[in-house]
């Protein structure tokens, strides 16, 4: 039975739009619209217990998941949403033990989520050029406790002459101009490894897809994920009135070899004929 | 550099609808509409290489990911699709190292996918009652190489008097009547642990949501994921004409404690007042 | 060339979320966040012209369409949204000249829209039981200038012993319990005429569909329409961040005759055999 | 009570994917997978009646609506689907009595649908350059009985020096390069009149939107409509497994006057200051 202690992270949960991620500190009090929440009220409670605010509202003391950390992450840039993170994992087949490269760390929401999956034997190498974002990213990575599984480096991969790592399972690109790093991503990837790109606009998808073909990638798939919530209540079940808008499109492709050298002898003999 | 050997699994990839998962065997030949593919042509090639059929069509020899295994799994029952698997991982915050229970193994597509994430220190315990499905499941688990990380057992949890495992991070229910195991799932879950349910119909969502409230679950969320593919081609980018239909709805909730004993003293004093 | 006059309705359009429907009155001034709009500035202008507020913002003087009237209608109840109105017209094949019955007038947004299509020779007969809604409805019908093409009556069709009208092309039901009027709707409809129902919940769809089968309707179709807006801008085209949530589901069916009398002789001989 | 006669159009309806539009002819027999349907069995029956095939299957004899005609239209080109037709009507506020121009007749599915709404006092003027399509279009227009309300002309509006008609309420463009006719459409439209364009690709939307701004259009809205069908059955209601893919995006805008002459005096005095 896991109990809340000083320095534990907790999610104080009132409802799906009112919830607060906090690091427990003996003398801290959280001020909210539903009243004051004393951190000390949570200490010693089992996760899942409810406490009460000074305005008589119940609040659940939940153990934060990676979903909660990502939803509540401090971000200077656009984050990648859970619905998109999930599909990246499923479509690229990300699994424990893999070596992953991320180009464009941003606020590290994707970085920490992927690290939580590939750990303890896998690793995420993440690159950015903006020191301000990198400071935020570093803080977020520590918060989720993933620092052992992530290596962050300031490096512009568009212009880097030496690629920093090889034989990578998956390269994830989160840049405004993803096509500029496709050839570098290719060098880092193992044979038939997957490139994934976060593309908020259709124009990015279009340019990227062209670049992927030119750089000998195959199995190119562009998708978008629409997440809809449903209010399931007896006798009046329906989709939620609140809509969820566009976040990003995604693009997936696998490194192939189009050239002759890697093709079979048969091919050569056909070419001769 | 990883090369194809005898007994390697490969995905022979022609296009997104014509692809074949095969275990390489020296003398095997695969007969397809685009010609014969000799397994021996792939042996010794780097993954990502292309070979050629006797009808002069190029086929890429890809290293299968969990996505490929799931897409090509033998199934006697409805499988859980990658788009839904991904959101389960992201919303429940599934990560490496966790202890997961699955009620309703089916063809083990979900089982193997989750195992590939929680391994090597985590584990999936999966329960079913249908020996026919369990045979198929066993085969599929071995194919993906996840047998060390999965324990499958024939057991009807609806009626089981002793729960087989405790302190579980996440319980995933894939039954036609998920509400029948909510109280058992609760017993297995750690405090604030997450229950996830695969619900193909709205009626299942409705009944399940009621049962979750009665069983002291909070943060109940019902969703559906719509995946759309986009044809990104220069000057004519648009969504695909081929539509993707309904697969399943999903329901998430977290184990809480509604009763007085676990609430704060403040609550008691208020109750007295 | 059509110009704005006193008593003309105009739509003062600043952008898609800031627009005002007004009846022009010489001395009127509209106070908005983007400044004061003097009605007199619009008088004599051609529709489509722009005028300027005292805060130097341009506002277009547009001739309101039925879309604008519906979007800006005063409503005591939930209105039917344009995306749903449109599909009702297309799926039921509503056209000029038809005789339409509406059960549940509400704020008359649907009523006026349908009337604008069936006029001048067609007619909409609409029934409600709530005098408060009916007052609002009457005002809205006059505003759009459809009073000649609509007959509104206070009548509870669930209990009405005499049906008020026959040989109707289409009956549209906008009630919380649409199944209660299916048999009455049937009596009003011509052979193979269409019933349409606005059903915000899945439970309503389910109950209604059962009732339609029992009441000898065929070609039953339940749908929902998701409208997504796209920001089309050079080099950065994408779906809008703002999502559009659930409004309602729709149900369509056609009056058939399941009984023997109307079937062919062949059928009878088969029955005998 | 309306009965089936020789030369009546009927829809023989078995289920939503098996239905046949036929013109009744005494001695005709329709051969289908569910058996032979004798036209003569339908003659004299009330619409909505059921007849029986020689394989003992029931078929309903329905009176075709514009929806049925459009769904079953003979088409050499891509048709506009009902879900999109409906939103065009609702968003542009198309109503009985209007003067409509269509550029790009295609197979006339949109033409006949719009004509069925604007008749009897309104009119649709439609232009195409392809004589083969125009022959098909002519046939379809006659089938639906809309020839009195439609004027079709062979004319290339991109290059036409004289515009054929003025003071039009709505111009609908169904061309691969809609931006080429925007300035011509503008000349035909009345002040604040609406242009609508059928754009299957994102690139078309993007180019068109730019052109609309340059040509002084306002209230530009780009949308897509996703239609989902729901299987509403007691205890197992859910979305249909069969998905519905992409058809087209739509673009709407209204003719405005950006130039100084039409703006107010106030604007001039501000400009001076």
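Note that the chains are named A, B, C and D in the order they appear, and that numbering of residues resets to 1 at the start of each chain.
FYI, a contact is a pair of C-beta atoms (placed from the backbone, for glycine too) under 8 Å apart; a residue touches a chain by one contact, two chains touch by 3 or more.
Computed from a predicted model, the values in this text were never measured in an experiment.
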item	value
Same-residue or different-residue interface between subunit B and subunit D, half as cut-off	same
Copy-to-copy rotation for subunit C and subunit D - C-alpha atoms, rounded to a multiple of 5°	180
Gap in Å, rounded to a whole number, between the CA centres of subunit D and subunit C	19
Where subunit B and subunit C are represented by their mean Cα positions, the distance between them in whole Å	44
Sequence positions of subunit C contacting 2 or more other chains	202-203, 206, 224, 226, 228, 237, 249
For the subunit B and subunit D complex, residues of the former touching the latter	200-203, 224, 226, 228, 235-247, 249
Interface residues, subunit C side, partner subunit D - complex	1-2, 13, 16, 41, 45-52, 56, 58, 60-63, 65-68, 82-83, 85-97, 113, 116-121, 167, 190-194, 202, 205-206, 208-210, 218-234, 237, 249, 251, 254-258, 262-264, 266-267, 270
